[in-house]
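Just below sit the structures, each encoded as structure tokens.
Next, two complexes with chain A in common: one pairs it with chain B, the other with chain C.
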Partner chain A sequence: MIHVPAPDAFAVFGVARTLDLDEPELELRYLKLSRDCHPDHNRAQTSTDCVAVLQRSAEINDAWNVLRDPWRRARALLEAESQGVLNRNKKLDPMFLMEALELAEEVAHADSDGQEVLTKKLNAAIDADYQALRADVAKADFDTAAKRVHQSHYHLKALHDLEAKS
Partner chain B sequence: MAYSDKVLDHYQNPRNVGSLDKESNDVGTGVVGAPECGDVMKLQIKVSDDGKIIDAKFKTYGCGSAIASSSLATEWLKGTSVDAAAEIKNTQIVEELSLPPVKIHCSVLAEDAIKAAIDDWKAKNGKKTEEK
Partner chain C sequence: MSDAPPPKTRIVIGIDLGTTNSLAAVRAGKEPHVLRDQGADPLTPSMVTFHPDGRVLVGATSKALRLEYPDRTVFSVKRLIGRSATESKNDVAELPYAVVASERDLPRIKIDDRELSPEAISAMVLKEIKANAEQALGHAVREAVVTVPAWFDDAQRQATKDAAELAGLDCLRILNEPTAAALAYGLGGKNDGTVLVYDLGGGTFDVSILRIHEGVFRVLATAGDTRLGGDDFDQLLAQRILQLLPSKQGTEGAYVLQAVRSAAEGLKMRLSEQEQATLELDLGDRGQVELTVTRAEFEASIAPLVQRTLDCVKSAAKDAGLELKNIDDIVLVGGSTRIPLVRARLEAATGKAPHTDVNPDLAVALGAAIQADILAGNDRSLLLLDVIPLSLGIETLGGTVQKLILRNNTIPTSVSEEFSTGVDEQTAVDLAIYQGERELAKDCRLLGQFKLRGIPPMPAGLPRILVTFLVDADGVLRVTAREQRTGVEASIQIVPTFGLTREEVRRMMIESIENAQEDYIAREAIEARAKAEAMVRGTKKALAMAVLPPDQTFAVHKAVKALQKLLDANAEPDLLKSASEDLTKVTATIADDVISAAVTKSLKEDQQP
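On to the complex of A and B.
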């Protein structure tokens, strides 16, 4: 299998590389870009052109799935700014990992009242993660931002586990 | 794709789950994570004066292979020396559990956890950690 690296999603959409994309505007852009690739609108005649359009269409769909999700968008932004930054920052602080382990245990043992409290706590933590991420990106501190994205994954996973329980 | 019988066995009957007193001087604690899958592994060793590992415990939040890898690691650690423990390689875990390629990182996590626990114990006891 040939691995084709995914193109920068922001470039595919022709939008500025920022965390705070206007989501309704992004969706309109997606529809417009997709329409341009649709056979009813696109006059590609030769098979080479058809393949190119098909490929463009796939790129647009992939990019849309990245950009519409705030955390995937963040990952794409960090990779575009500093290639390999997520991989380089996989080693997380043991103190944080200890907390993540305790959190996972809390989730596993939570009764229905506990679940409600934990859901609120996790949503607050995820919001705080994203705020902090914005600040890191604004300072162009992509290494800290990458760690932040990795840490948030533990919060997102805990929330997901919690939702799966109820 | 199915898990091997050995993975299932460790997953269903994990050995040595629990915690040791991490403040104690004869206990080394390693906590490592695999952020891409959101796994966390805590592995602890209790070491006697003559450098033998007399107890090992783990707690892992993650997939079946991660749990099995750490469970197996604690089995191997108990009764061995710290020096021999430092030689445990993830490939041995892969082989023993017949882990498929997509789950090799779980065994890497277990090896990292062993090394982190040993380093912690060495740091507590004033022993120099070998340069990597």
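On to the complex of A and C.
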């Protein structure tokens, strides 16, 4: 089974391909597109049209899910700029992987005091990842940006696991 | 008067098909209203009694007969619909009527020699609701929006759609109950903000968190339990009562079970009003009970169930990315929210007193009527954006489930995957679709097998079959497949694990149409025969009285004989009709009106038995 990439979310929304989207504006855009395209307001006569309306509406909903999440937005942007860039840059620096492994250990053994400290540390790391990503994208260095996305995945997962503990 | 909107050309009704009660509503103007017979209770009990004399009684009449025919009165089928017999075992054990498993392990309600699906029973309730609505509106109703618990999965939704179809309704939308309630609450824009709908009905519990903004009602997250409701509270009380009675089997047992159920329900309701309640139940030679229950005792027994609902509330808030303190308002739906403990616990958990302007019994139907009006094209200012309650996935190697569509995704939503073949010349691929949150296929619900057929024969791995999984606005999955190299559309055969196959729905529809046809034909035959007999009698009388020319007498005699012969031979109604017409022609030519007078008299006598 091979996942087929969804259509470019930025194109579906008709917005500029940038990481720094204005979120309230994006939400209003989503509501407007939904009003225009939702099957409830577009009763199709034939079953072919009906599927087309559903597909369009699904595209909008799915694009909204991508664009509203900064990391999913970043992945969509990189894929749109350079197809397959995420797959090509999966190999990460062994040093980073060692650190990630240690981090996972730390999360697994954190007590309630440690959890608070660790949450702060992870949030800072994720922020730093995104800042760096932004800089990479500005330089059109999509390969480095893709690596950054993969690295951030470890931080996000560690944070998620930490939250699941409490 | 100039403000009056133009009359709506298309009327679609909203139906709340509940576990215990059902009702319909319509939005004729701006505000929706429930449909009821003058002065009658708008709630129709979701009950069907199969009377031994062959009659099928639905609603209030059925409820009145439940003690007389406890094993022939069917209720709570919403707990069975779209589920397997094995899954519903525990529910079935508490029911006074017989439920057997079909060949495909689906629950079938057994009445004498008949085995009825839960869909067929729901269809009977829907037919009754439809008829009542038509009575109240004064015109026929064809289209409806039918509500289901938000937590219903694909199979339960599809089964509800099938029931509507069997009832002769075009189901424009399967709508989630809490979402419907939010529509009723948020209409008019006074309540824009974030709202939590807590819906504890007779058999199911749902919680949904919505954001309402300028007419757009967007569900952020939903959670629930399709097997938790007021019936469970009744059951806890019923168990206490049953312990005090001698145990009974068979029909006697069914009677006791039904009587105790009703008593328990009454006791529960009184405990919402007063601190303690006493039950005196006299079942004659089947036993007597006197039981006093305090509210504290009752609350202690239901507390674990109430806690389960609060866990769902927390999980919905988490999925919505919100803290409970960020919720602006709380809307209560369902009769069980009248229980003081439920309100108190919810208030303690959220720090907010629930909103009480919405009638918890009517809100869902009223909301359904609003959505019905939107779908009828009468209101473009409102829009509902709902979510899929449970993730959908596909079984991969090793029995794990690969998630394709995640829960709480706004619907419609879709995802595409590419598949290939493992063997040369392979022309078919089977996909097993699961719904649920667990990792392993055995812990999720197998919704069905999708069999892709008609893949062009090619070496293994060469076909590229693009399969699109699309969840529509009803929350029901649609799958399409195309082979990318040849562009050939693969056919998909769906074998649902639960509920009716397409073939079964088709057959049941044809049967119901055939039955209607048979009834019509039978009535027509009886009428044709009665008319012919009356004509023969009348003409014979007239002939005896009148003096006619011989040739005319002969012609009339001949026509009467021909008709009599057909009657003796039990001929088809068409033949009887044409022979009757021949006789009419012959007698009409006779100048003397004696004959026609006699015939008319005879026909009249016949109509006054």
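In this section, the second predicted complex is superposed on the first by the 153 of 166 C-alpha atoms of A that agree within 3 Å, B and C clash if a C-alpha of one lies under 4 Å from a C-alpha of the other, contacts with A are read in each partner's own complex, and residues count from 1 in each chain.
Throughout what follows, a contact is a pair of C-beta atoms (placed from the backbone, for glycine too) under 8 Å apart; a residue touches a chain by one contact, two chains touch by 3 or more.
All values reported here derive from a predicted model rather than from experimental measurement.
Of the two partner chains, chain C is the only one touched by A:His38; chain B is not. Once the two complexes are overlaid on the shared chain, A:His150 sits against chain B while remaining clear of chain C. Of the two partner chains placed by superposition, A:Gln83 touches none, neither chain B nor chain C.
In the superposition on chain A, contact of A:Gln131 is made with neither chain B nor chain C. Of the two partner chains placed by the overlay, only chain B lies in contact with A:Pro94; chain C stays clear of it. Once the two structures are overlaid, the count of chain A residues touched is higher for C than for its counterpart among chain B and chain C.
Judged by the touch definition given at the top, the superposed model places A:Asn65 against chain C, while chain B stays out of reach. Using the contact criterion defined above for the overlaid structures, shared-chain residue A:Asn123 touches neither chain B nor chain C, since it reaches no partner. Under the contact criterion defined above, no residue of chain A touches both chain B in one complex and chain C in the other.
Considering their complex, residues 1-4, 6, 31, 34-35, 38-41, 43, 51, 54-55, 57-59, 61-62, 64-65 of chain A touch chain C. Contact residues on chain A toward chain B in their complex (touch as defined above): 90, 92, 94, 97-98, 100-101, 104-105, 150-151, 153-154, 156-157.
Chain C meets chain A in the complex at residues 173, 213-214, 216, 218, 371, 374-375, 377, 380, 383-385, 394, 396, 402, 409-419, 466, 470-473, 478, 480. Contacts from chain B toward chain A in the complex involve residues 31-36, 38, 40, 42, 59, 61, 116.
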